[in-house]
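Read from first to last, the chains carry the letters A, B, C and D; within each, the first residue is number 1.
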């Protein structure tokens, strides 16, 4: 795949379709790839990489990149295309300045997750069917694929590209995913248990803002949490601010716009399952206001800027689920 | 050397905790490790290091500086500080141990930061030599010996026992306080473990990384390097690297209106943030490039320039693991070295 | 530094009996920024107001808080008083310590505590109040009526009567609309043409009314008092100013096989035509789809016949732009298409007709000169079956969920007229319910049943099948008798549901007015503002807002006119200054606010900004038109970055109140 | 459920009322001298759609024990559609708070028209009682703001 992408990129650079390519650049280790812009065939040959660790969603970079001179080529995985579309809808990306090549993805590995299984000194990692073989400083370790795969890929919602100029490989389908299982599990806990669960997770927050800064839906010029005028500005974890304000408000602000790309949880240095907040909103929206997938198109009204006169009353919250 | 069987660590921790607050690195359900206040039954983590460094105990992410109690039109000023109680941080790695040398240069230099000093005076750092360094480790680059950590007292494990060594008076007092549980032991096996570890350290992927091309005299050369644009291009401007870093020490001072008054507190800040050191006139570093450059120039050039060649990095590798887009000091060093 | 005055009203004993007003004044005097805190017997009295005014001047107050009755009662009083003393009226806040405190509580201690908290919240808010100035926006003294049916005509006549210029835009070659096609009207049975055509003529002759027939609205910009509308005058290939309507061309035109829309396609017209004899304007129009000259370049008969030289085969569509202060929508309705109702054989048999087609079949100016004949063989029908609710009150997607309202009455009218004129004809009406609310309506229906012996059968028609003998087999159920019926009918008349005109939805988009799911325009308030749209300056007339009969339409048309006149009478509009405001530096241009604005007050523009990284960039940012914004605040919550805020109820003001209450 | 019904607990309750219906309804319950607890303090907003979830969280942060939002009945909004948006926003917010383990009875939305003084008073009596039973809000408060 990587070779096909590089030759595609070279061809598009050569025929002048694009002037730059955004992709991923090889790092020091097998897993530390960095999103990067390539401007020549040589740069592509030297550093372009697409493998089991190229998980970063590059859509958000296109806000900035699409405003630069010349057209840019981006390689988008199925999940990334949803983010891209949503940003088009919000007038954040200039579509004409981007050439999209859709690329397939069969899930990415998570070095942090592998490390959390006690594996250290990672030198390489190879997928082999349902297992992953990890070569380390201390020998070879094998672990089940599910234990090494990114959470967001384990509950992938779609292998379909919702926007592209061309595809490498076959397009996939929307998947019947089990992504709401954990939300449901939480819903079925008692309020006390839910409180304990979220308190223990959210209290780990160090307010590094990685979740916000990586989030394609969080593209505000100035975030309310950075704006002293907003009344909710806050820089560091203070008492219960993150638990009671930051993560709730952030999830609410992206509700109806979050495509469930899973980047928030991927980047959280404290492994807080932030996607479970967004998924709760998605699940509620689906069940209360009809199925809605943000980013699926560029024209539909998001559920929170829409209504139906027959919508349910807020007291439905009091009437269902577990208290 | 004095030692205790690993099986008896619980007893040791119990004894320490009975005299003062004890923090040890313990496992979290998600597989990461964090420092926790010791409670009976708690076990040392098997992970090499914690997500948050030992810095937090001496320079917490937020702390109250002064309170103003407002009643109608009256304002009363209250000092929220209390005399710190003695505490022990156990199991600090060599890299984190060195971070205190760096933090001390900032906070204990004149004018002394009394909040920090209060905690330094009352805290005992007990370090633990590494036996299984990770691929992200590069403490050796900064002259740190992972097998001989600094700190008030150091511990060494041979897999069966933990050996103790005092590095200073405070460390000696600590060892004395637990000496009833310790016994003299043979270090033959430990020596073997140590030399094995040293072999691994030499083979680490980043073992060759050197600071020889960095330091206070490189300001002009690197400040204007054209590499910064490419390096900072993908930076999200989040604070992950800063907040997991054991040596980052920048803070902001803010007021919080509680409704009854004002709490003036300081909190960690990150030079990667767009409002870092924002002043009345605006922001001195307007682009992410400038902010990104600031972080690495500070660690590799400005800090050694102002602190007798001491670099602002200890090679713990946290930022290598945690940066959302995997940009880090190692990549920066290597890129700047490329001519 | 703020200098705030607090004034606590006793309201006689209304407040003072349960709230210790002196204690409230004393407590609030210690709040930050408060420089004077007083209580008084009746703050709203002249002497009370003077007390406030004097304090404003004496203490150079920058804001005042009145602890008194509800702001709904006296907010304006105190705003005026403040203005009189030189303080911006929007620097006044009211703490409602009567309706929401003294009147609902009995215990003096707790009521006083609460009054103090309410006062503190008001003080906290007023700290953040900004002086606001009401904008004045001039009103263009001209109205536009879109649609020239009876609704549009009536509205235009009333507006013109009040002395304002008014333009009618009608997409057909003539005004008159559906009413012109109707034969008789219920419940009085007067001839529709006899009452409509004088109004059409009156409209044509009124020098304040300007009729743009054969025209469409293509663009609407602006806002209340100041709309700019682009009207497309479609080419009719006849110079309106020259044509005298003599009709010679229509007689001589060789192309005579054009389906006649006015008679619902039941007969033919010529390629150059005047829709009907009383058309206004009485001007010919060439149908380019049929005109031989236009299609083949060979003919030109009309041009040769025309003595005034009005024929112009090269005429082009023309765009004109006009400014209006008010717009009245009167786009009316149409019967729905019946292609989804195959069971009634509408498309298979010419003898199955809609009610509107029946109107033409019975009309003296219709295809049969007023004699009711079966379309297929022009024979006199002896049995006619009427089917009600065809597509109305329909559960599935074939039809409409609503009641079309007029069908019950016009069917009774049709039945009665047929029985009157042709007593030998049997008339059956199949209905779900007969709905006759309206003056003299039920009496009318009863006459049909009792005097004219129309057979009303509660039940559904299941199927209409054309038979080989030319008759129609109507299979139906009688729900009351609980039996299946077969009727051999000569004609079947379908009461097709009515729906808004197809042009309504694109028009609503242009006007930024709201529509319901059935494409009827939504009124500003279902009870209290039935003829206004939620968008200021846009009014609703007739069936575009919902099914209506003629008297209702006319009533609403006049009501809409009255509202439009009320607007046009003003030289300028004072806008509510408590409107949304976008901080362009923070705006992302995401359009969330625009989507929730019920008034279309938010627009986006690309503007050049100096960015934090010293570059300049073109950014898409929202701006609010303060003349259109009504200040609901929906946008402020939709905006994730907080770029949108509401003056007078800003985020910081509301949070200050929250803080004061919770502390 | 707590056994203690917190008889002596005086909750702080913030009520956001839309200017056109519910605030007028509140006035009407005053005019009719219909009693409801002093715990309820009303904040006037132009429309229920002006209520930002941040205001609600802010109230809880600052120690409110219950927050209620009142607006025109659906279909009667002065601004035609404001309460429809509010209804969606509040449904989702309340659902999220519930998901986070916050007591459900601390939040409520009620549609109260300008004529429903009785309903306003009844609603406030019920809501206050429900919140009183829950006891002080400990889960959403910010300790820095707690009354000393």
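In this section, a residue touches a chain if its C-beta (ideal position, glycine included) is under 8 Å from a C-beta of that chain, and two chains touch if they have at least 3 such contacts.
Note that the structure is a prediction, hence the values are computed from the model and not measured.
Colleague: Show me the overlap between the contact partners of chain C and those of chain D.
Modeller: A, B
Colleague: If I average the CA coordinates per chain, which chain comes out farthest from chain C?
Modeller: Computed centres place B farthest from chain C.
Colleague: Contact counts by the stated rule: is the higher one at B-C or A-D?
Modeller: Looking at contacts between chains, A-D has the larger number.
Colleague: State, to the nearest whole Å, the distance from the C-alpha centre of chain B to the C-alpha centre of chain C.
Modeller: Each chain's C-alpha centroid was found; their separation is 68 Å.
Colleague: From the mean C-alpha coordinate of chain A to that of chain D, what's the distance rounded to whole Å?
Modeller: 36
Colleague: Which whole number of Å gives the spacing of the CA centres of chain A and chain B?
Modeller: 30
Colleague: Taking each chain's centre as the mean of its CA atoms, how far is chain A from chain C in angstrom?
Modeller: 45
Colleague: Residues of chain B that contact two or more other chains, please.
Modeller: Counting only residues that touch two or more other chains, chain B contributes 256, 259-260, 274.
Colleague: Going by the touch rule set out above, which residues of chain A reach two or more other chains?
Modeller: 224, 231, 238, 304-306
Colleague: Out of chain C, which residues touch more than one other chain, so two or more?
Modeller: Expected reply: 596, 638, 651, 655, 659, 662-663.
Colleague: Using the touch definition from the top, list the residues of chain D that touch chain A in their complex.
Modeller: Its residues touching chain A are 53-54, 57-58, 60-61, 74-75, 81, 84-85, 87-105, 107-109, 139-144.
Colleague: Hey, which residues of chain A end up touching chain C in the complex?
Modeller: Against chain C, the touching part of chain A is residues 67, 90-92, 219-224, 227, 229-231, 253-254, 301-302, 304-306.
Colleague: Quick check: in the complex, which residue numbers of chain D touch chain B?
Modeller: 62-63, 142, 144-145, 147-148
Colleague: Along chain C, where are the residues that touch chain A in the complex?
Modeller: Going through chain C, the ones touching chain A are 585-592, 595-596, 604, 617, 620, 638, 640-643, 651-652, 655.
Colleague: Any idea which chain C residues touch chain B in the complex?
Modeller: 30-32, 612-614, 659-660, 662-663
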